[in-house]
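Have a look at these structures, which come just after this line.
Each of the two complexes below includes subunit A, the first together with subunit B, the second together with subunit C.
Now for the complex of A and B:
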């Protein structure tokens, strides 16, 4: 019995000692790893600042260095514009980062794909828009949102239908798409056509809101089409946009649609819009 | 050459600003938050402070108000440039009302920042 007790005690002591040793080893390994990471970050941060100063430095050789420099560049670039940002973007392009970004965007890990998306946005190269449009179909919500935000920075008018489609497919929130389209800054109502004719009311609504916000005068006929929309929020957005566009030419369509309505809040909204525009109508 | 204090919690940005202003010939020291920044300003008595708005412990607007309300805090006559991502009209008004001399929105160009610093220092 004593022998068994002694064996159990010895076993417990061994487990305790091993646990303590394991804990110490974990603490030491974590500390060393953090120190290495910090040292790498410090070294590469200095490299990045040299690049912003216009120095042409060699591309990083290791994947770890490339990942760290990509993360640092993405973060720094959000605060910079002008020559610093241009120097950074040009160096990333010269140093093979577009290829690295594309490879990261194909990885299984969503964090890697998000890093790829952020890097493509920072590089803002000739094929950035196309790469980001593809990422709007990513299975991970944050990656899709990153791609939509990136399109707001790097995108062109031709990327707007992809943003509207992503909203209609439930891949990105309408508000996020609206912000990105506004940043792309369409200059004509025609660039929003896919939004006006979307089956999804939230897309038609943001197309109307954007047309109004940007005062796209040539969007008036498309907005008039939305006055008879089956969704009340779309009609409200179209009315608000017509007020912002301030074109009395819209009065004919407004009066026609108003006359079809019963005396309800929507009709009163039409009345208010008509009053605003009548003030601008040429006399006689 | 002027004495400049940079207060920003973003280490990389702080370094970039420091390098730019040192290259312009200024004597620069940096701090990572408002409280550290205030201590540095008291000790260093700078000609100009570049202050980030959103920082831990004490933000840039609070630092500005403290400097303007307490001339013995080292802030007497000091020029204050607020550097921030906040770009609303009401933000600019709030910063200038608190006593800032100038306001620069991120993303910013360091060339523009250097020009604003020179302009502020020339007004001394």
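Now for the complex of A and C:
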């Protein structure tokens, strides 16, 4: 008994000592690693700022430098606009980063794939949109969300149907798609047509919300079509959008749909909308 | 079977209990470490920049229930005004304060009486509203109400008039890091299944806060506070990260939690009869989601930080821990039907049984084990070497768990870096089982006793150092 006790106690003491040493080693190693990383980041940040200023510097030779540059570029691009952003994007394209981004997007680790998505978004090259649309089918939710956000930033109206389809397929949340489509900034109701005619009510709802928020006057007929929608949230979104668009032309459709409704909250919502628009209607 | 054998079997069973507890904890820490590594590997710059800039980012209503919080309420509100989040609605609920909480807010934010629309009148409120106010710039709303002695009633009053799609609840003596809300809200945007999220809460004692921002960081001076730092890192940061991995989080701290508004509305707001309203809210949300059969997730994010002042006096700490144990007893009794039910997943099969066996009953087991061992030694039923082995194994494993938690913190967050801080935390890890945990057990036993007697608890006062947000933070005692 005593021998076993002694053995167990000695073993436990050894484990404790090892854990303390492990803690100390962790602190030392992370401190050294942080210092090295910080130095590399400072050196490469200076390089990136020169690139944004229009200097044409050679591409980094080491993989580690390239990865750090890619991460820094993604971060920097979130606060860059205009010529600085274009200079950075052009340099990344010239320096072989599109290939690097594609390789990352094929990795098994989802965080690496998202890193690839972020880099493609930052590069914003001619084939970025297509690559991001493909990533909307990624198995990982967070990568798909990153691709949706990337499509919002790269901003092509032709990508809007892909975002709506991803919502309908349950691959991204409707709220996230709405944010991305709004970021794309469609300039006509026609660009939202795939949303208005979607079978998924959440897609029809966000199409209506975006049309209203962007005050797309030419979306009025499509919104009027949604007034008779079977989903109450779609009808509410269409009513709110019509109020935002502020076009008294919608009154005819509103009155027609209201008259079909019983005295319920939806009918009262119609009446409020009609009152708002009647205030705008020219008298006589 | 003779008496000696019975005693040895009983003590061996207790030893197995402790070994299972500590090894289980190591598994939780391992799981949390894995999760943290994975979380920190995600590139989040674009996500955060886009969420920050987008007009459709969901509004967050931050509800701040306050009862006699004159010393820190302004710092707390300032930290909320400094948050990097595009659409924050700050709602302070002055729950019957008798100090200068309201006059300070009124003066600082030029509050004016306003009539506020009732957004969710279906949420019950017991204490009558005495007035509603809005700041000159519209950024702060204050509700003055009569206190019913329950924090939940104050939160419900805020819920009724707030309009955010997401609802954040914080303590009035808490200060949020500028990015904390953005980081915690991002998963709600990306994943419709996320219905609740907890953020890490760390003691602000020793930290200097100026204008709602952490300006200088250090460990607290007294050991009772340092023990709490170690405890927060182990149990409230890493422990909760581990449980969140399996969707089994039992509590999201009332000091910093974020919920989807509709999830709270579906359960009718916070239960005003519960002492542990934060745990009760989360359990009710879990149960509602399981009953409706929807896929859902309750997450915990270790990166966002909420700094909150912890008690520096033993008497105040004792009141707090007594209340926590009392509340935990209520929760376990109220949600006993969740325990060991497979349909509740990891919550029912792992985290609730774990909470019952290793958190709620731990002080009882400790007392029984100690009495049994001492009696057996006195009667000569067991050799002293056996008793020493059992005690050393328990203490050693406990310290090992704490050191592992410190290593995880050091590897991923490094908030307590520096040789001196490391040595202090190590010393606290070794001393905690001897000096701190017996006290906590005693307070927990008192809380269990109060829960058994059905005692009623109310808002209480807590002294503050004045170094941190210097809040006269209210705790329920």
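Following the convention adopted for this analysis, the second predicted complex is superposed on the first by the 243 of 284 C-alpha atoms of A that agree within 3 Å, B and C clash if a C-alpha of one lies under 4 Å from a C-alpha of the other, contacts with A are read in each partner's own complex, and residues count from 1 in each chain.
As a convention for this text, a contact is a pair of C-beta atoms (placed from the backbone, for glycine too) under 8 Å apart; a residue touches a chain by one contact, two chains touch by 3 or more.
Because the structure is a prediction, the values reported are computed rather than measured.
Peer 1: Quick one: is A:48 in contact with subunit B, with subunit C, with both, or with neither? Answer first, second, both or neither.
Peer 2: first
Peer 1: Once chain A of both complexes is superposed, is A:8 in touch with subunit B (first), subunit C (second), both, or neither?
Peer 2: The answer is second: A:8 touches subunit C but not subunit B.
Peer 1: Given the superposition on chain A, which partner contacts more residues in subunit A: subunit B or subunit C?
Peer 2: For subunit A, the partner with the higher number of touched residues is C.
Peer 1: Considering only the touch criterion stated at the top, classify A:75 as touching first (subunit B), second (subunit C), both, or neither.
Peer 2: In the superposition, A:75 touches subunit B and subunit C alike.
Peer 1: Please work out whether A:85 is in contact with subunit B alone, subunit C alone, both, or neither, and reply first, second, both or neither.
Peer 2: first
Peer 1: Have a look at where A:182 lands relative to subunit B and subunit C in the superposition and call it first, second, both or neither.
Peer 2: second
Peer 1: Examine A:114 and indicate which partner it touches, taking first as subunit B and second as subunit C; both and neither are also allowed.
Peer 2: So A:114 only meets subunit C here.
Peer 1: For A:240, is the partner it touches subunit B (first), subunit C (second), both, or none of the two (neither)?
Peer 2: In the superposed model, A:240 contacts neither subunit B nor subunit C.
Peer 1: For subunit A, what residues appear in both contact lists, the one with subunit B and the one with subunit C?
Peer 2: 75, 78-79
Peer 1: Can you check the complex and tell me which residues of subunit A touch subunit B?
Peer 2: Counting only subunit A, the residues touching subunit B are 45-46, 48-49, 52-53, 72, 75-85.
Peer 1: Can you tell me which positions in subunit B touch subunit A when the two form their complex?
Peer 2: Touch list, subunit B to subunit A: 10-13, 15-16, 19, 85, 106-112.
Peer 1: Touching residues of subunit A toward subunit C in the complex: what are they?
Peer 2: Residue list for subunit A touching subunit C: 1-2, 5-6, 8-9, 12-13, 15-16, 19-20, 22-24, 26-27, 30-31, 34, 71, 74-75, 78-79, 109, 111, 114-115, 118, 121-122, 141-142, 145-146, 149-150, 152-153, 173-176, 178-179, 182-183, 209, 213.
Peer 1: Over in the complex, which subunit C residues touch subunit A? Could you list them?
Peer 2: 38, 41-43, 45-47, 49-51, 54-58, 189-192, 383, 385-386, 388-389, 392-393, 396-397, 399-400, 403-404, 406-407, 410-411, 414, 417, 422, 426
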